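So, here come the structures, one by one.
Note that chain A is present in both complexes that follow, paired respectively with chain B and with chain C.
This part shows the complex of A and B:
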């Protein structure tokens, strides 16, 4: 695979985005009520690819929607007829602008579970048909700790095209995958000029160093992994979960949480079955038919969430289920910081 | 507004006298100036407690938590929080003898941007209405006259189609996490009607109609009970203006049901729980 690198300026980047929007189905962060969510856009003025990380939802819903139709059914006197749902609107060829690095990385983590014993074909189709353009942050936000986790942020290949605001005032656009190179080789880059890697790499490196130096939160994930795996039965979890109100916001905004529930929308004899987000913080999450609930109290549910992020997923798939984006901390109504808590428990 | 010292002293005294098992207050988050509710179980942790204008979250929510069940609880309440506590007491959710309540004469709390919150600028009951001990100086002037919320007034002036479009946008942006419900101190049902697996009255999916059903049902269950603490808005990850639903209900109830304000008078059952000959009946055909 050849790596394509282009250099341009602010106006050139705008034209690059506009050219993409003109030729492709595009999703980008759109502001509503002060919060950015990824939506279908046709004009650059509707969206902001440089949206602040603290107020932007993840790109996960574009691959694992908050609610997706699974099937339709009709009950007749002869029995129940099940039919396929309409075509998936997210499975068409599309481009995502303004994805954050942490969100893109989260998809790599999710790929593992979606390609595990059951292959989720809907998810696969959405992944294959999407080109992700991700802008590297210039500065870490208050609750970011992505550099402290188990992936190489600088050489991350989770996005197809990388956009970097160089410290020299120029903007560098680099392909990271074959899909990305293919996109950059079309005329969308007509307002940018090619550069060699010898020119671009030192600038990208410098920008990354400045970015990586702006992190306030640092932890040793190996230590956290090792210590958490040994303390399943400590009273610490009961203490730290005290402030949690089990509101589930953390799981709903998390770019890697992937639990879901099934619900039906019925009108007389016809119905649609939906697959929607759920959260392990819900009291009824592990409730079984017959009434037994293995996690009846809050601290056990809370422990499950922390352990799944930093222990269980790591044991099974070799990755942390946390990408360090800080979305849960920002959204938490009582300001619980996952970073603070896992560090506190691990000590 | 800073009652850190007083609250620490009271909490230490209560633990020393053996009057409480757990104290619910606020502590500083280690990362920014936001505060985290702290559930303190012993005198050694009392020094964590703080109380400033950043003490936003309504702690009455924790009375329905596993951590306080069947325990004697010390609790800090502001004006709005104390109104929700009053309702919890009236609705038999907590026992008064198990509580030691520190009331605050609140001067208003601030949001993330450091601005005084809208409900605080409009607040009619800043002083705690239920308390064992009151901190601060009670307002001398008495209750402010009732005025409709500014956002409600602005919305009411818009044409119906515009209002409908606005609320459609609200419901479209709801992600159905139910954080509003869980963070509400007065949503204490063991199982919400929206979560029933059998006899599903409500669609659990994240569709505009599902969000409409869930939010409207929720706001109607809180009609005449919402105390405007804005826990729900603070919890909403989509920053939805949920107060519009509650403030509209509040104004209708205040104007039609003998100036009823939720939780201000102890033992006062909600507007929908009592019958009065003065209740309006002109909407009945």
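This part shows the complex of A and C:
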């Protein structure tokens, strides 16, 4: 794959985005009541690809919907008929603008579980049909710790196209995958000029160094992985989870949480089966018929949450199930921070 | 993924009232030819849907060596199982996904003495393997079944147990928790009867056990006390599951997914897991 890099200015970047919207089904951060979520957009004025980092939603719902219809059915005394749902949300190719690096990285982590054993073909199709354009952040936010985790943020290839605001005042647009190169080779880049890597790379590096120097939170993930893997029974989990209200918000906004539930809703003879987000913080999550529950109390559920993210997933799939985006902490009604939880328990 | 969550329709051929709160549902696939294609091994499970009420995980309680149907034995224990008991009658249709999970280590138990230790509804997964082994009887040496229930009325598969008792190549030991006037057999909890009555041969024997968690715990303690090795004790775990596909995230113990890596484990494997089940 040849790497394509273009340089432009603010106005040129806007024209780049507008050209993409004109030719592709496009999703971008849309602000409502001060919060951002990824929505289908047709005009740049509707959205803000440069939305602040402290967003509460990731791009995960575009690949793993919050609640999806699995099937419909009619069950009467005459028999049962099951039918697929009509809508196919995967038919068209689409482009996402304004994804953060943590959002894009989270999909690489999720790929592991979805492509393991039983393959989630819907997820895969959505992945294949999407081009992700991600702007590198200029400055870390309060709860960000992406540079402290097990992935190379500077050379991340989780997005198809990388956008960097150079410290020289210019904007750099670089392909990271064949899909990205293909997009940049169309007329969407007509308001930008090609630039050689000799020119662009030093600028990208400088920008990354400035960004990487702006983090309040730093941790040694290897130490956390190693220490947590040796702890199971510790009263620390009770300390850190005491204020949790089990609202599950952390899991619903997390870009890597992937637990779901299957539920049937039936009115008279007709019903729908849904696959919806669920969370290990739910008291009923592991409750069995008859009353047995291996995680009946909060600290056990928080232990599962922390251990799944920093021990179990790593053991199973080789990656931390946390990308350090801070979304859970921003949204938590009682200010529990996953960063503090794992660091406190690992001490 | 969504397609993997859509069940196939099965017809309920027969409903057998095993105990006051356990019924066996004998199922066949509605689509012709599907029953022949449905291949499973003892120890595997299915996701059973009563459409509109919900989906539950049940082991397959019969062996594929018995052709033309499969059984799920269901104890009334929660919301969906209560609905199943109330509303499903012979001729009704239910949804089935599967088979899922691993199976009993058929290669390891070949040529060995077999000791089955079951309690209550825990006989259901064992029954699949018992039937399989009876149908391949020459592959195994001594064949002992120890089964306990709270009361004689709480024993599952009563007719089949009689067949097992009539089979001279099987040793069947039954027990109930408290004495009853009409009960002529053993009285006492399973681990006690195991130690005092069954007195199993340790050498070249594989033990397969399932029952309520408390019974499994004390049975394993007894087996270890008798001298069995962890690798020769095999059990099958029950965990809350929904997808059965290793995705929905609720059946894990540490990094082990009970739905994919289990539900069948040796005690050697269980000992390496965090204590959370």
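Going forward, the second predicted complex is superposed on the first by the 341 of 347 C-alpha atoms of A that agree within 3 Å, B and C clash if a C-alpha of one lies under 4 Å from a C-alpha of the other, contacts with A are read in each partner's own complex, and residues count from 1 in each chain.
Methods note: a contact is a pair of C-beta atoms (placed from the backbone, for glycine too) under 8 Å apart; a residue touches a chain by one contact, two chains touch by 3 or more.
Nothing here was measured: the structure is a model prediction, and the numbers come from that model.
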Contacts of A:312 with chain B and chain C, given as first, second, both or neither: second
Which of chain B and chain C A:155 touches, first, second, both or neither: neither
Touched partner set for A:70, first chain B, second chain C, both or neither: second
Partner chain in contact with A:185 - chain B first, chain C second, else both or neither: neither
Touching partner for A:249 - first (chain B), second (chain C), both, neither: first
Partner chain in contact with A:263 - chain B first, chain C second, else both or neither: both
A:277 touches, of chain B and chain C: first, second, both or neither? first
Shared chain A surface residues [contacts with chain B and with chain C]: 261, 263-264, 266
Contact set on chain C toward chain A in their complex: 1-7, 9, 49, 51-56, 75, 77-81, 93, 95, 213, 238-240, 242-243, 245-255, 260, 274-277
Chain C-touching residues of chain A, taken from the complex the two chains share: 68, 70-71, 73, 75, 79-80, 82, 84-85, 113-114, 116-118, 120-123, 232-233, 258-264, 266, 271, 273, 275, 278, 280, 285-290, 292-295, 300, 304, 307-308, 311-313, 315-316
For the chain A and chain B complex, residues of the former touching the latter: 32-35, 37, 57, 65-67, 142-143, 216-217, 238-239, 241-243, 245-249, 251-253, 261, 263-266, 274, 276-277, 279, 282, 284, 297-299, 329, 331, 333-337, 339-340
Chain B residues touching chain A - in the complex, by the definition given at the top: 29-32, 34-39, 41, 57, 61-62, 65-67, 169-170, 173, 175-179, 182-183, 191, 195, 197, 200, 203-207, 210, 231, 234-235, 237-241
